[in-house]
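Each of the next two complexes has chain A plus one more chain, namely chain B in the first and chain C in the second.
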Partner chain A sequence: MQEECVSLQVCVSVVGALECVVRRCLGPDGGSVLFTRDTGETLISRHGRRLLSTLQLQHPMARMVLDCVCAHAKATGDGTKSFLLLLAALLRGIQDSHMERKGSLSIPSFQNLANRLLAVSRKELEDVVTHKLTPYASMYCSHRSYRLEGSILDLLIGGFISGRVGIGQADVLKRVLCEFYHKVSQDQNASETISFIQSHFSFLHTAVTGLPITCSEVIEGLVVTCDWSVWTELQGPIKALIVYESFGASFVTVGENISVCIQKDYLHRSESVMKQKLATLLDLQVDVVLSSVKQPERVSQWARLNHVSLLECVDSAQLDFLSHICAAETLSHPPLQHLVMLKYCRRVQLGGHRYACLGTFLHMHTLVLCAPAPGFLDQIVCVSQGVFAMLQHLSQSFCQTLASDQSQSPSSDQSQSVLSSQDLWGGILRAGGVLPVGGMFEFLLHHFLLNERNSCDPESCKLLAEALLCLPRTLYSHNHRRFLNIQTRFLDDLKQWEKTKEKRSEMPELKFGFGFGESSVPCLESVSGKKQLVVSVLQCLHRLLCVGAILHTRSPLRTGPQTHSEEDEDEEEEKLKRSNSTPSTEG
Partner chain B sequence: MALNADDEDFEWEPPSEAEMKVFQARRERQDKISKLMGAYLLKGYKMLGECCELCGTILLQDKQKKNYCVACQELDSDIDKDNPALNAQAALSQVRERQLATQPLPESNGASSSEPLLSIKGQPRPEHCEGAASGLRGPPPAIQSTPLSVPTVSSNFLPPANPPLQTAPPVGSLGNPLHHHPALSSAEEAVLHKLRWATQELQHSVSVEASIQLCSLIRGCAESLRSLKELQVS
Partner chain C sequence: MSRICKKKPAVCTDEPLSNSNICQKMALLRNILSSAYGPTGRLKQIHNNVGGHVLTTSTSTALLKRVDMSGPLLKMISTAVQHHTTCYSDCGLFMGIFTLRLIENTQNNGLRTAAAAKVYKHLVEECNMYLKGDSCGCKVPVDFSSSDSIIALARSMITSKPACMLNSRETKHISSLIAQAFLYSIHCNTSSVSCFGRTVTIGIESQSVSDSSVFPGLLVDVPEMLQPADLERLGSGPFKVVLFSVSLSGDISEVGDVTLEIHRGVDPEHDLLQQLLKLGEQVVMDKVSLFACQKVVHPVLQHYLRKHGVVVIERLGLALMEPFVQLTGAQAIASLCASVPVEAFGMVKEFCLQSCGSRELLQLLPSKDAAVSTMLLCHRNETMLEELKMTCKRAEHVLRLTLREPCALLGGGCTETLLATHITHMSCSKASEIAQALSISHSEFIMAVKAFCSSLQSVALSLDHDGQDCLIDMTYAHRWVPDIYSKTCSCGLVEDRSNLEKTPLNTAYPTFCPVSLKNTDSQPRILDSFSAKLNALNVAVEMANLVLDVKYVIEDIN
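Entry: the complex of A and B
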């Protein structure tokens, strides 16, 4: 029992320290952290993952929590700071209840408590969200749909961004991201668009430093972050050749330490080989050569003479992406070459650099994000990526629930139509997949968990419900009275609603929002994302509480079947040992 | 667990108010430690995988590879500051409070007026020396018998005032309106003694944290001297 008490104390210290780091950066009123290096570099950021990975954490529990946080952020694009706040609140709640019950002999062990909380996340949380929260959300949002200015997507994006970037920048970024989405979604339906953007975001955006954020825009075509080595103005449809190796690769480049027996006419022969290759290009009527490596000078000269544009040192992953979306034709003879048809080729000036812009027949667009400083730019890029990850998660979970509903009641045709139609977001709104931002989810869940009558573990539900309130409390921390006001009004309205559930027209007029004006329309957030946050936090808590002991090793462990053990504690120790022996990543 | 719960719970009582206060204090201490640790992490300190042997808090390491325990080095010294058994100043303030509560206002006593004030002059601290000088300035009309000391008293700069004051006529002729109470003067002496000790320690100190703490001690001594002065003047 002694060790268990020590381990909870350690958990609380570690998570408490991490929470204090991110706490003041939460919400639209949150601040940023300024990191400086000895070399004079500075980084200003309020992005949770960036903050945490820049800290120097050697403690194995801290690293484990960081891994959990990053895994969650990757899946939902959301909630690194909220994760830590909720985790810290849960640990403190457990510590308080443990201290209060110290004399009692029936204190549950921490492992037992962790298991119970995990069971709550699987059963009671699911029930509450599906049967109580979602209907409330659907009724609330449908009732207010006439007041929603702009589309639901705009409000979702606005809700995500306004909590992560300053107010002035939020408007610009929201406008740019909505524009980007609408331009990309012209040919596809909503869920395909979202998954396309999400999976290829690194190719679909370009980051530019040194310009104000208002210069962010959406450019037609695919921007490649290199300049043309040889440039010719070309019109009309263009045949482009994608190569992954050098034309003169048959001989060794200068500088490599390999001894070669040079034949008498070796150089002459290699020259003639290259000439042949280039002649075949002319036969194919290639106008543009896109190469992932640097080509020899001879090739540049040939390109200049024959009015062929040459782009070198392009990222090979980007070339793969291009050949994939343009349905490239692979040439048979030189194996690593593809032919694509492009609409146009241009040169663009972004910031202080000239880049190449390739136009495809598929109406590709590139999101150009600008920011004055590199750290700020990194934050904006992460936020933009997070927006699409969040939308992807939302649409996926919505489609999953639809599919499961359909399997249960195959006669519903509505689900089919929603899946195929463009109005995915309207469907999500009507199904109760979104709620206004500002803590409404936490208030609702708190209320429903406390009043859950069919629960088999009311104690754990109470623990979770109390911990959930830490999030809105921190959001309104600059004005605590406002938090209490909002909470009381909300609970009153909720009680009123529960009494008059049948009469839809009597929905109470609830003023909710971030205080930009009581009458302003609040932005929306995803219910499934928030639910996933709670589940991830409970899973991380389970991992933390099941740690029995931390053993430090000096040498790396051999990972193999003989080191695997059946008990949870031993596995945790191994993971901790492994994470302890890996070199710490310095920010 | 469910079956035996009733039997066992009969013996358990909810924690008393005193125990709740202890929990609350412990919780606050834990929160303070977390806040300090968070601040240090943002300053570039590394969170180690080891705990302090004395208090069990997680150790931090600064860029010079020196280990630092937040609780031992920052929090506990705050608690010790108020503990009369460990800190002379706290003991003095306790004594002074008790005496002030029991006795009436101190009468004017010019006999030993300037001695502690003269001894103050030796300190290189401008704040309390200015305070002392202003104290000496006192109500000037009462001082008639020492024309020599008046101009020196009225000057604001200490170093030139120093030599003339030290050759000033006997103390009693100053007719000092400053009131003296034996407790106050002994308090002043003790504080000055601590101040001198702290200054010496500061000169020999090599660590940054110790220097910071010594400077805060000196500041505390100066402030207590000022409040003692105000008490004497009133």
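Entry: the complex of A and C
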């Protein structure tokens, strides 16, 4: 067992190494990172969470940070790269302030600082966001709402994907994703639609390689990535049978040590069994058979003769999904068979492959995502899924605040839970739930934190405020003068705003361009996600600073009493020993 | 027990495109691809260091499939080209060269990648608009009422594959065969246009290319015991056909690898054979003349059927099942026990015996309109035959794609020069507006346009491998090669005249708007597939942008 002392220096270098990977990918002007394995797998991505989860990290501190990042990303679906940048900036800020003071870098003082920062996140941050930032955002957006109202979803999606896919692809992807959302939602409950897409995304999209991304589209119906084994043109409502088992006797699945007994007339017997099965099928009067396994030739012959379409080797999870959304009728006698009604069946040609397309009575649409090469396609699929995770977080947090508001005023009626698409996004906009991307949140928070008058801990606030500026600085790293320009202009605007606010007069036109061209509307991001980011970073920092030493042990970690064995030398397990003062923050 | 090694740290490369080693590898790949481009492209011989099969080719598909790429970026480009060719069967080399050139030019000019990517995206949209628009000067409509443009398209496909080793007479022969096979594969009655017919390709070695031909219907190897006299005895058609997809060998193979427990007094093989003979009796009673089976037929059954004047074709194979079904209209029977339903029988109009070299083939002619034909390709040796077979398959695919969009692009590099000139002209006239809209600086925009257009032109330059000068004329912007015999440009649309000013390609010359050629009698000699080239252009730009976007490479070498 060896002990490794943890100093601030170690933390800074570990987090710095992680930051180094992601800092190139931040924002629309960032690049992507390419991973390769010796097995030939390649991954190309700008997606922070994917990048970090692909890294095989050795250092236990790094793994701990990664756990925090993943937990945050799981909750909000956004902000992994900013997480690391902010964390690294905070650590560097702490290091610098200690260097200046030339004080001894003792562990208790760090713990103290960490606790204070956590306290700031609980009190001052909360205050600033609710009482200053949200009203500002609400004002800002209402002032521009004549431009934003209809397109807020587009802008939110645009803000999310512009930092995750290459230039030029973002526009196409944004258009397709918005179209997909609108087609699926059809004026239904917006937050339910988002959750539906998010949880069933794997069935609702089809990936096609070899085509440019501009060929991506939304098509009606559910695309199944296999071709019909037997195809007949069918009209009108179609009765489809879903089966999960082969009609023939399959011995392969039963086991290895079986014997088959051959009796007299066995040929005729097996034939009559098959005939009987097919006759019951015919009695059901189905037009389509969807099977998750390969059926014997005899079944295809039967299908051809009776003008029944047959689709084999369909992913069984997709069949489950289909029977779920179509309210399938489960047959009692042969187990595992469902009957569903379909609107139509088609064949579609997507990038050199012929697939089946099933139309349901519920308006179902499939997102077809195209890309020239597989690694590239993964990135696009992953980003598209991420969009809906982010939207889900946004809509859920909005609904929560709405519910808590209404619980305070008991007079409100119960029908508020059903929100249309327009209501939801408009409500978020009016409540100040969104801000333009490009560092506005950071600038605002920086400004408000520094000018917080009744703060009990101005030192920690200053530390956090300074660290926040690292995000816009990295965003405009290719052009430092631009960063300074934007910052000065923003501060001027803000002063003017505060002046007019005191006078209670009309809000001036804010010229906060962010380089999207003066005419175009900037993309948006969620305030609650950003606030959650700062809180998560401070929690992670707290965990980091509370580590006193790392113990490397050679035995696996067990909760019970440990027995040290000599054979387990291959397994190298590290144990984190946290200084015993803060057991509550673990986990 | 396996040895546990300590894990090696991953190799990280920052800014991979400024790494000279990676750039060198890219340049090598570009050299390999561009030296194989076009009708005079140099052939590549691929063999591994332990011996084995040697492949001679110049096509991107065969080349990239067999060459392992060492760098991850190269691997990505290579897979992208392969995915493109599986969808469109053409323009793989074009895409590869253009992608690599674009990356190289961006690096050489020291352009900021984010800015370059924006401009490229804009320019490729401009290209799409121009190529799809009506005023496009490098697009010609394909007229399906005459075979000229179909043959011209097919011939351009074949001439750009020099590994087929065809002389001009053979090229003409093969391109007309491809056009013929293509026309056979289209159903006559337009009511059911849902899918194409099938062309089956049979290759025969060590025969002259001029022996190649296309037959309507299906050609199969003549069954062993079939004599010409047997066919004569059948008289005239049409003949009734039955097709089995189940094995008629009399083995109990269906149950798989299990222990069999057989009751006393039961002889399963005997029972099976009895069943087979009963089936044979039934077939003879149904007056079937052709008995076909995907798999093996038991010799006793074969003998029985032959005795009753039924032609037996066994071991048809899975690949021929679908064309056979299309040809005869029969439905494959998958059971030995049930009697054959009436609607499962098919029809064949006639049997003919064809011979080519040492091979005797039985031709089955369809009784009604069935778009099935067989292409018999002959060549001197195996390697050339393989290349020829692949080329013909691809050419047919390209022709089918043309049916969807009935137009073609000028070949011979003229499309590239024209497009480059048009893009330069369009962009330079509106440079400052576009630069502002893309929020980049004016000089960045101009440089990116230059990089894009010179990449396009360098694809046109790669067509030449003999150190000749490539010229561009300053009126129509077509590509010219100084040649005393030829009086036209590379694609054959523009005729030379004394006052036509020309300048070497990829040198500095003033921008101009290319004049589109009106009222000309001349037809372009060389045509390229429209949809394949358009997709290649789009995918190439997207791939280049993707590669330029990569800022950090992490290689796990454990």
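Keep in mind that, in the parts below, the second predicted complex is superposed on the first by the 473 of 587 C-alpha atoms of A that agree within 3 Å, B and C clash if a C-alpha of one lies under 4 Å from a C-alpha of the other, contacts with A are read in each partner's own complex, and residues count from 1 in each chain.
Heads up, the rule we're going with is that a residue touches a chain if its C-beta (ideal position, glycine included) is under 8 Å from a C-beta of that chain, and two chains touch if they have at least 3 such contacts.
Predicted, not measured: the structure shown is a model, and the values here were computed from it.
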item: Touched partner set for A:H59, first chain B, second chain C, both or neither; value: first
item: First (chain B), second (chain C), both or neither touched by A:V10; value: first
item: Contacts of A:H268 with chain B and chain C, given as first, second, both or neither; value: second
item: Partner chain in contact with A:D29 - chain B first, chain C second, else both or neither; value: second
item: Touching partner for A:V21 - first (chain B), second (chain C), both, neither; value: both
item: If touched residues of chain A are counted for chain B and for chain C, the larger one; value: C
item: First, second, both or neither for A:H480, with chain B first and chain C second; value: neither
item: Touching partner for A:H131 - first (chain B), second (chain C), both, neither; value: neither
item: Touched partner set for A:R122, first chain B, second chain C, both or neither; value: neither
item: First (chain B), second (chain C), both or neither touched by A:D96; value: first
item: Set intersection of chain A contacts, chain C complex versus chain B complex; value: 21, 33, 55-56, 58
item: Residues of chain C touching chain A in the complex; value: 4, 7, 10, 16, 72-73, 75-76, 79-80, 83-84, 86-88, 112-114, 117-118, 120-122, 194, 245-246, 252, 255-256, 258-263, 265-266, 268, 271-272, 275, 331-338, 341, 343-344, 436-437, 439, 535, 538-539, 542-543, 545-546, 549-558
item: Contact footprint of chain A on chain B as seen in their complex; value: 1, 4-5, 8-9, 11-15, 23, 26-27, 30-31, 33-35, 37-39, 41-42, 44-49, 51, 56-58
item: Partner chain B, residues of chain A touching it in the complex; value: 6, 9-10, 12-14, 16-21, 23, 33, 55-60, 62, 92, 95-96, 99-106, 108, 550, 552, 580, 584
item: Interface residues, chain A side, partner chain C - complex; value: 21, 24-25, 28-38, 40, 42, 44, 46, 55-56, 58, 166-169, 209-214, 233, 251-252, 257-264, 266-268, 271, 274-275, 296-298, 300-301, 304-305, 351-352, 371-376, 478, 515-517, 570
